[in-house]
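After this come two complexes, each holding chain A, first together with chain B and then together with chain C.
Presenting the complex of A and B:
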């Protein structure tokens, strides 16, 4: 079991300290297409005797980690002895911007995580209490309606939110009726707010269903006893229900922290990363744009390390509780 | 008749029309020497490709089972690269690719030559020379459609205010200024895909090429886009944002299309494959009002500032199935009948294609000297880095030169990692 869990992690780490690239050669070729024929200087892979491209792999240590974190001082990896004579303008001016890419992504990811968590807990609990009060007959309807945002595929949900808020969308139109003209994707604060709003909307149902299940297991005799002792509704909630649900709060927080840290779909769909890059999005971007699984692995390992740090306090608490319980 | 009944009867008629030819002549009726079994094909999804996918999957004779996996861009490229590049047999027997993906596959030596098959079946499937994508004389792909970003403009509004069709980006901004001042419903006259990443990098590439910029130093993969032309291209883009919705950094193709359809924007350079959607009465308020022509030049008398693209089919070198069978299935699905049935969906390469007004822009752009999308395998890396810095320039957080230098430095690293720069 442990092996099964650790193997992908170990493999990702193994990938992140290596780098493979095809052996390229500069060639001049004649290309024809529907748009005509021309001669171009390009590069292509050197093919081996079996007709397959030759690739060169090497151990690069923590080089990709340094790059993702923006800690690499020199411009290019000097694979051979000959560095490019024209590495492109003034790299000194470039480094400050590059170095903040991962940190920037991490910052927004943490903002998203910590901004959504309290709302998810509060609203989820409020919703659970509310549905618990509703008569038996209407409950199934309320429950299914509340679960809807969680059931919808994240990409579709994010698209729905985007369509509500983009130009000519319902929300800008509604706000314009009150003389408020706001372009949601135009500034950092509103773009971030929108993604956080999406996060809350999407995850509250999860918290709700967990708390609702928990509420069903609150011992009725304790509540009964409290009532006879003269406790009002607030006191019953505070002294009976909440202590009973405490482990569930920890559970929901734990799951949501892990979930929120992986925020991805709303970033892709709502802003395509403008003002809001998340660590997960960054890994994806490296994989997609640079087509470099090794560097992406380094980003993935760093992301995993980040979540570990984030979860330590909660995990320690759970650990202690388990020991006390056992 | 109420509109709903009308629509239904139209639907019924079109279904009937689609079935009727099938009764007389079925797809894949006379394939020769096929090996039965599954054939897996992967490709992007948009109307023209969905049409081809359907044609491919209708090939069910002789124990064949064709499956076209529709994967939205850009994930389809990732999957295609993985399959074609795997050390075992490819999971896909063929792929429908854009020229950008083709470039990557070709440079890695992962597509196989189809020269002999083309010779063998040229007459049978009327394979036209124009469809052949050749590298050093070997047929490596077969193109079936073309695409380009070209100018969309509201002819009704331009006529109303006596504005000439813009020949340059400066003209376009002047026209935008006039409309913004005089046309009440148009607050943001220009809409283009300035979203962070791929979209805005593509806009940059078009305008940069219009300024005569070169992405790389001659004969090498060293970057050259942090040049005077690069700075000018970014300055032009920034000047345009004054006439765009403040949400431009999140404006992808869908959003731009929506702004045109809703009559909120009056002009801009967008993909020709979106043109026919302007006349879709269920989504558009401006049916028949949008016209299409060459993408403007950036300098007076310059070349049309856009790029020409083709989409085509390729077969992997590590093909698992029978290449002759796979090739026949592909050609069946790319025959004249497919072009005729889906004539208005895109701009087909086949000579039997009857151009519609939606294709005017691509033809005009080509005539005005628009180049083909760059085919260097390292271009994608440069494009990716440029896409990251554009928002910083547009919002004024960085000057164009500093941003381009940063992108060039980041590109240099990425290109070295991939072995393009030593």
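Presenting the complex of A and C:
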């Protein structure tokens, strides 16, 4: 396990400060034909003794970090202007605007994380309270139905939402009955809203299940005692149930922060990176579209730093509480 | 406990039904339009009823050879679950019986890797496997999925093992088992529900993975979610409808899973939480 996880992580750090390129040589090729002889100067890759192309690797320091962070603004612009101007619709056309790639990706990732968390906690808790009130025989039905969005393949879930909100789809039609007409995928804010909506839809069931299980373990005699002492429903909730569930709120928040930080599939599916990128999407895009593992590594290292900054205070707090409690 | 009044209870059911509708609507609607031609699926105004056709499915499964992706998924998920459970059981058992600081640090490492976005490992996997010449192999994908799954599996299985009293091991040892026999014949049968639950979650991880299977293997070895992602940018209408049919095909096994294993999934989700 250590070999397969720690080694790649270390390798990522190593790769992020290096760059490899095929070693090229300038050759003069003499072409002879019935129409005369001409010399063409061209470049070709140097082949090693085993017949493979040789590549030169060198230490580039923080160059890729600077690129990913958008600090080398002039380089980014150069790269943009050298792209063919008629490449409309191809991924290359979108890349010039990504000069401040990582910051933008991080900003949306954090927005997503902090926009979804309160909804996930509140809705999950409300649902748990609700299901806890209904009769025993209805509960499995509600739980089963709620589990579906959670265990669905994220790509499929995001696609289903996309088709629902697509032009001529069900939701635009439904909303147009109320006078709202909107092309959901066409603007940045509505596409982002859809991603956040997807996130809430996807994670609420998890919070719901955890809180529901927690509600089962609330000591009944404490509730009984509170009722006898004249507490109303709200007071019982506030003074007995909520303190009992407090650790679960921390737990759900922690897990959701980890998961939200790696939001990826809805970004791929709903916007294809046109308006929004998330940090995970950025690495994936650089690796597969720009085909540059070294730059992707730089993005990956920044991603790691980001999650560390986000989680360390929380983990420290939990750790301290655990020690005090134990 | 006082029974809540009738109106209150009815209202509650209405709200919950509203949630169920919201939760299921995307699937239900996707399933409905998967049985239609494009013009009926996306039309203004919406058609509630339209001629039913299985053309999308037949195109996808037969002409586009989606069954191959299905087989790929089956191979990858089955192997991932098997390997990660075998390793996870041994490691989880050892960790639960071992008292010392190293165990704690291992668990902490597992948690740290649990929180890492998978994409941070992707570039180095990519380069490493390219250098070794094993990038486009099932074996590689399975290995990576197992590795990524492992922290979670070990963590979860350990919490199940801890609940099994040490006396059970000792009884087996006194009766003449060696360590491994005690584990194999006494502990594992008791553990079975925990193993099933953990297996379910490894299954979900491998089945639902998109990031790794879409980037580490080529088209002919892709799993279903990676293959279906082509429908994202679907230019043509027929292609889009095949994507819809594919989405439904991926979801059906999951629905069956929920119906059969609801209890295990719920217990798995709450395992880490309630035990604190």
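Here is the rule we go by: the second predicted complex is superposed on the first by the 269 of 326 C-alpha atoms of A that agree within 3 Å, B and C clash if a C-alpha of one lies under 4 Å from a C-alpha of the other, contacts with A are read in each partner's own complex, and residues count from 1 in each chain.
Definition applied: a residue touches a chain if its C-beta (ideal position, glycine included) is under 8 Å from a C-beta of that chain, and two chains touch if they have at least 3 such contacts.
It should be emphasised that the depicted structure is a prediction, and the values quoted were computed from it without experimental measurement.
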Chain B versus chain C as contact partner of A:125, first or second or both or neither: neither
Contacts of A:147 with chain B and chain C, given as first, second, both or neither: second
Partner chain(s) touched by A:42 [first = chain B, second = chain C, both, neither]: first
Contacts of A:288 with chain B and chain C, given as first, second, both or neither: both
Touched partner set for A:8, first chain B, second chain C, both or neither: second
A:304 touches, of chain B and chain C: first, second, both or neither? second
Contacts of A:167 with chain B and chain C, given as first, second, both or neither: both
A:31 touches, of chain B and chain C: first, second, both or neither? first
Chain A positions touched by chain B in one structure and by chain C in the second: 166-168, 272, 287-288, 294
Interface residues, chain B side, partner chain A - complex: 74, 78, 81, 99, 104, 106-110, 130-137, 143, 146, 188, 195-197, 199, 217-223, 226, 245-250, 252, 255, 258-259, 262, 264, 308, 310, 317, 349, 366, 372, 375-378, 380-381, 383-385, 387-389, 391-392, 398, 401-406, 408-414, 416-422
Chain A contact footprint on chain C (complex, rising order): 4, 9, 12-13, 15-16, 19-20, 22-27, 29-30, 33, 42-46, 87, 91, 109, 113-128, 143-144, 146-148, 150-151, 154, 204, 207-208, 210-211, 215, 224-225, 228-229, 231-233, 243-244, 247, 250-251, 254-255, 257-259, 262, 265-266, 269-270, 272-274, 276
Parts of chain A lying in touch with chain C, wherever the complex brings them together: 1-2, 4-5, 7-9, 11-12, 15, 127, 130-131, 133-134, 138, 140-149, 151-157, 159-161, 163-164, 166-170, 173-174, 201, 205-206, 209-210, 213-214, 217, 247-248, 251-252, 258, 261-262, 264-265, 268-269, 272, 279-280, 283-284, 287-288, 293-294, 296-297, 300-301, 303-304, 307, 311
Interface residues, chain A side, partner chain B - complex: 19, 21-24, 26, 29-38, 40-45, 47, 51-53, 56, 67, 72, 75-77, 79-80, 82, 84-91, 93-95, 97-98, 101, 162, 166-168, 183-186, 191, 270-275, 285, 287-292, 294-295
